[in-house]
Amino acid sequence: MEMLRVDNLAVTRGGLPVLEGLSFTLNAGHALVLRGPNGIGKTTLLRTLAGLQPALAGTISMPPETMAYAAHSDGLKATLSVAENLHFWASVYGTGSIDGALDQMNLRQLASRAAMSLSAGQKRRLGLARLLVTGRPVWVLDEPTVSLDAASVALFGEAVRAHLQSGGAALMATHIDLGLDEASVLDLAPFKARAPEDGGITGAFDEAFG
Amino acid sequence: MSIWEYANPVKFMKTSSMVLPWVSILSALCIVTGLVWGFFFTPEAANFGSTVKVLFVHVPSATMAINIWVMMLVTSLIWLIRRHHVSALAAKAAAPIGAVMTIIALVTGAVWGQPMWGTWWEWDPRLTSFLILFLFYLGYMALWGAIDNPDTAADLTGVLCLVGSVFALLSRYAVKFWNQGLHQDSTIMKVGQDDPLDPSYYVPLVISIVGFVLFFVTLLLLRTRTEIRARRLKALEQRERMA
Amino acid sequence: MMPELGKYTATVLLSYAGTLGPMIVLLGWSLWRGAKVKAALAAQEERMKKNG
Amino acid sequence: MLALLSRDLKLAIRAGGGFGLGLAFFLIVVTLVPFGVGPEGKILARIAPGILWLGALLACLLSLDRIFALDFEDGSLDLLATAPVPLEGVVTIKAIAHWITTGLPLVVATPVFGLLMHLEGAAYYWMVIALLLGTPALSVLGTFGAAITVGLKRGGLLLSLLVLPLYVPTLIFGAELVRRGADGMETQVPLLMLAGITMATIAVVPFASAAAIRVNLR
Amino acid sequence: MLALLSRDLKLAIRAGGGFGLGLAFFLIVVTLVPFGVGPEGKILARIAPGILWLGALLACLLSLDRIFALDFEDGSLDLLATAPVPLEGVVTIKAIAHWITTGLPLVVATPVFGLLMHLEGAAYYWMVIALLLGTPALSVLGTFGAAITVGLKRGGLLLSLLVLPLYVPTLIFGAELVRRGADGMETQVPLLMLAGITMATIAVVPFASAAAIRVNLR
Amino acid sequence: MEMLRVDNLAVTRGGLPVLEGLSFTLNAGHALVLRGPNGIGKTTLLRTLAGLQPALAGTISMPPETMAYAAHSDGLKATLSVAENLHFWASVYGTGSIDGALDQMNLRQLASRAAMSLSAGQKRRLGLARLLVTGRPVWVLDEPTVSLDAASVALFGEAVRAHLQSGGAALMATHIDLGLDEASVLDLAPFKARAPEDGGITGAFDEAFG
C-alpha cells in the first residue's frame, strides 16, 4: 500500500530551483535510496518532503503524521543523557518505552552517558535510535550512516530491514551502499533544474519578472 | 486592469521610469518654493521670534517621519498577504528615508528647543514617542541588513513591522500617561495645534509639506527600482553559480 | 538679501542646514547606489547572454 | 508539551544554575548602580523602582538569545517543527520555561534587592506585584525577538535592539505603578494597563513567533 | 594576526551592522532610563555619568559571549590553537576587534547621548575621556570572561556574572572621574587609576585568557 | 625520512584512559589509516597528536610546525565566501595563494559563494582545501571523507596521493576505504585501554590514589 506519492515536484534552495520534475511513489515495505553528487539537492528535497520548506511546484501526498525526519544533525542535547534524550522524543511522539531502541542501536551500556561525551559515531547511533522511538511508518533520512563504522552500518541496515518488514517505508540519501536488497535506487542527477531559458521552471523572483 | 499589475516588477519599472522625472522636478520646485518662502519672506512671530522659520523644515520632516512608517506598515501587509515582491522591496526602500526624516525632525527640534525651552532635549511625551519611533526604524533596518535570504528577510521584517507598529502606538499612550503622571509643565508645542496658524505661515508650510511628500515619493521610486535590480542581480548570480 | 534673524540666526541656519544636509546626503547615496547596482546588473546580464 | 517544558528546565539547570544566574545578574546590576550614581539614599530611593525594572529587563534580555539558538544549532528545532506538536505550543512553552528560570526568581527576590536600593514601605509590595504582572510579557516578547533572530550569528545585540523597544510600555506602566503605589496615588490605570498588555501579549504574540520560526527554518 | 583582525571585523559587519548595534543598544538603554526614573532633568543630570557607564558596560557585555563561542562551535578555535599563531596573540586580537566594534563607537557617540541625559558642560568632555580610557579594559576583561565560559552552553548570563565584578573598579573610577570633572574638583587620582587599571589589564589578562582557552579545548 | 614517531602512548578522554601502549612511526611519502569501531578513541588520539590535549603517558616526537590538523568540524565561517575562508587560513599559515587548493578540490566556481550556502559535501571539500593552503607536510585528518560523494572521495584521494608524492605524510581516521595503495592500516582495537586491575594504565584520578 502506498505511503508517499510525489508528483512532478520542484524544490528551491536559497530562492532558486534546485530539482524539478521529480515524481516517485514509496510503498509500505519498500526503501528508496536517493543518489546524486554533492550539492544536487538531496537535503533540500528531504527538507521539502518533511514539510520544512514549501515546494516550488508539484504535489506531495502522504497521510498526515506518518513521517519521521532525521537530518544531517541529530538534535541531541549535549547535557542530557542518552536515555533522557530518547525519552524526550518518545514522549513528544507519544510512544511509550525506549528499551527497544536502546537495544536495536546497542546503546544499553551508554544509556546513562551524557550525549556530550559520546564519540561521533555513538552520537549518530543515538540519532538513529530517535527514529525508532517516533513510531512513525515513513522514515526520511539524510545521510544516516555518516561516521558510522562497519559494524554500526550493519546494525543500522538491520534496523531498517526490521522497520520495512513491520510494514514501514524508508526514504534516504546516502553516498555509501547499505546492502539493503529491498532498496531501489533513485538517481537525482537527471532532475537537476535547468535555466528558465532552456524551459526550466522559474524561481520566485524570475516569475515576478514574468 | 487591477492596481496589482503594478506589483509586477517589469510593469513597475516601466511606469516608475515614466513618472520619476516629473515627480522629482515637482518635488524640487515645491521644496525650493516652500523653504525659500519660509526662510526669506515670513514675518517674525510674537512668541517664536525669527525661529518660527524652523517650522517649515521641522513640521514637514516630523510629519513625514510618522507617515512613512505607516506606509511601510501597509506595504509590509501587502507583501505578507499577497506576496508581491515589489511591495516588500518598497518597504525596505522606504525605511532609510523615514529614518533620515526622523533624524531631521530630531535635529531641527533640538535646535529649536534650545532657545525656546532652554534645553536641547526634554522628555516631553511627543519627543519621547518620536525617539521610540526612531528606535523602531533602527531595528527594522538592522534586521533587513542581518538576513541575507531576501524572502526570509522580507517576511521577518514584515512581521516585525506589524508588531512594532502596535507597540509604537502603545508606547505613545504609555509615554503620554507617564509624563502627565509627573505633572511636568507643558511645552510650547501646543502652539502649533490650538490657534490656527496665520496664513502667512500656513501657505509656505503646506507647500513645503507637499514638497517633502514628493521628495519622499521620488526617493522611494528611485530606491525601489534599485532594490528590484539588486534582487534580480542576486537571482541571476545564484543561477549562474548553480549552472 | 539675507533676512534679519536677530539673536536666533544660529538656530535658524542650523536647522535649515540640519535639514538640507541629510536630505542631500540621502539623495546622493541613493543615486550612487542606484547607478552601481544598475551597472552590475547590466554586466551580469551581458555575461550570461554571452555564456549562452 | 510537558516533556518539552521539563526538558528545557532540566537543560537550564544543567547548563549551570538556570535559576541562580538571572538573580545574580540582577543583583550585580543593582549593586553597580550605586557605584555609578553615588550612594546617597534619597536619590537611590527615588530611582529605585526604575533601576529594579531596568535590572529585570536586562536580566531577561541576556538570557533571551539562547531560547531558540541552541535548539537551532543542534538541529532539534528542525525536528520539533516536524514533530506532532504545534509550533505555537512550542513557542509558548519556551516562553514559560524562560519566565520560570528568569522572571519568577526575580519576583521572589525583589524584596531583598529593594533593601539595597533603600526602597521604602509600600513600594515593596507594589514592586512585587508590578514584576509579577509585567515579567511574563517580557518573556513572551523576548521569545518573539529570539524567534526572529534565530539562525543569525551574533544575534545578541540585534535581538536586544529589536526587543527593548517592545518593552517600553511594560516598563513605563510597571515603574509608574510602583511609583504611584509608593506615593499612595491611585494605581488603577497603570495596574490595568500592565495586566492588559501582558494578557494581550500572551494571547497574540506566540503566533507571530511561530510564524517567524517557520520562516527561519525554510 | 592582521588577517585575524580583518576577518573578525568582516564577520562583525557581515553579521549585521557590527558597529551600529552597540550604539543602538546604548541609545536604547539611555532612552529607557528616564521611563524608569522619571523625566526630571535635574535627577537625570545627577545620575547621567553612572547611567552612561552602565550603558557602556551592558553594550559591551551583550556582545561578549560570541567572541569565542562562534569560533568554538564551528571548530575554528581548535584549528587556530593548532595554527602557528600564539594563542595570546589571538586573544589580544579578539579583544581589539571587540573594542573597535563596541567600545570605540560608544566613545564617539557619547556627546549625543549626553544631550539626552542632560549632561552639563564640563561633564561631556570628561565623559568622553573616561570612556576612552576605560572601555579597552572592558573589552579585554570581557575576552577573559568569554575565554573561561567558551564551550558552556547558555554562557550569556554566567559570563556577565563573571565579568561584571571585574568591571567594578573601572566603573567606580570612571564615574568618579566624570563626577569630579563636572564639579571641577581635582581629577588626577581617578584619572591615573583608570588609566593604570586599563594598562595593567591589557598587559596581563591576555595570558590568563589564553590559558583558559587551552584548558577549555582539552 | 621520519616525520612522526609515537612511543607507547596512552591517551585519555574525559579523565579516563581510552587507548594505551600505542607505538608507530610515520615516514615521509607514507600514509597511515587508523581503523577501529566507533568510540575506540580515534578522535582522542588525533587531538592528542595535534597537541590539543596532553598525553597520559608515552612520547610524541615530531619536528615543530610540521602538522596540520583537520577535525570533525571544518571551522568554516558561514558568512565568509569560500575564497575568503581559504585566504584567511593561507595568511595565518603564511602561505601565499589559494588557487592550487581551489583547483585541486574543484571549488573554482564556488569560490565566491558564502560558505553558509554550501551543501554538506561542498563544505567538507572546502574544509579539505584548507589543508592544502597550510603547506604543512604532516596531515592529521579525522574522518575526512564524511558526506563526500564518490567523485569527491576520488578527488580527495588524488590530493592525498599528490601530497605524499611531494614528500608529505598523512595520518587519518576513516571508516571507508580510500583506495590509497601507499596507505598502511593501523587497527586501534588491540590498544583499547584495559581496566587498571588487569594491568591497564591508570587514569589521572586512580593515580592520585596511588
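Points to keep in mind about this one:
To keep things simple, chains are lettered A, B, C, D, E and F as they appear, and every chain counts its residues starting from 1.
As a convention for this text, a residue touches a chain if its C-beta (ideal position, glycine included) is under 8 Å from a C-beta of that chain, and two chains touch if they have at least 3 such contacts.
No experiment lies behind these values; they were computed from the predicted model shown.
Annotation of chain A and chain C: jointly contacted by B, touch as defined at the top.
Common partners of chain A and chain E, by the touch rule above, are B, D, F.
Of all residue numbers used at the contact between chain D and chain E, over half are used by both chains, marking a mostly same-residue interface.
Ranked by the number of C-beta pairs in contact, the top chain pair here is D-E. For this pair, chain B with chain E, the centres built from the Cα atoms lie 34 Å apart.
Spacing of chain C relative to chain F, judged by their CA centroids, is 54 angstrom. One inter-chain figure worth recording: chain E and chain F are separated by 38 Å, centre to centre, where each centre is the mean of the chain's CA atoms. Shared interface positions of chain F, i.e. residues touching 2 or more other chains, are given as 72, 78-79.
Chain contacts: chain D has residues 11, 15, 152-153, 158, 161, 164-165, 168, 172, 179, 218 touching two or more partner chains. Counting partner chains per residue, chain B has residues 132, 135, 138-139, 142-143, 146-147, 149, 151, 175, 178, 232 touching two or more of them. Per the touch definition, chain F reaches chain E in the complex via residues 50-54, 65, 67-80, 84, 87-89, 91-94, 130.
Here chain C touches chain B in the complex through residues 1, 3-9, 11-12, 14-16, 18-19, 22-23, 25-27, 30-31, 33-34, 37-38, 40-41, 44-45, 47-48, 51, going by the rule given at the top. The touching residues of chain A, counted against chain F in their complex, run 14, 36-39, 43, 72, 117-122, 124-125, 143, 146-153, 175-176.
Residues 11-12, 15-18, 21-22, 24-25, 28-29, 32-33, 35-38, 43, 46-47, 49-51, 53-54, 57-59, 61-63, 65-66, 70, 73, 152-154, 156-158, 160-161, 164-165, 167-168, 171-172, 175, 179 of chain E are the ones that touch chain D when the two sit in their complex. For chain B in complex with chain C, the residues that touch the partner chain are 35, 39-40, 44, 49-51, 53-54, 57-58, 61, 96-97, 100, 103-104, 107-108, 111-112, 114-115, 215, 219, 222-223, 225-226, 229-230, 232-233, 236-237, 240.
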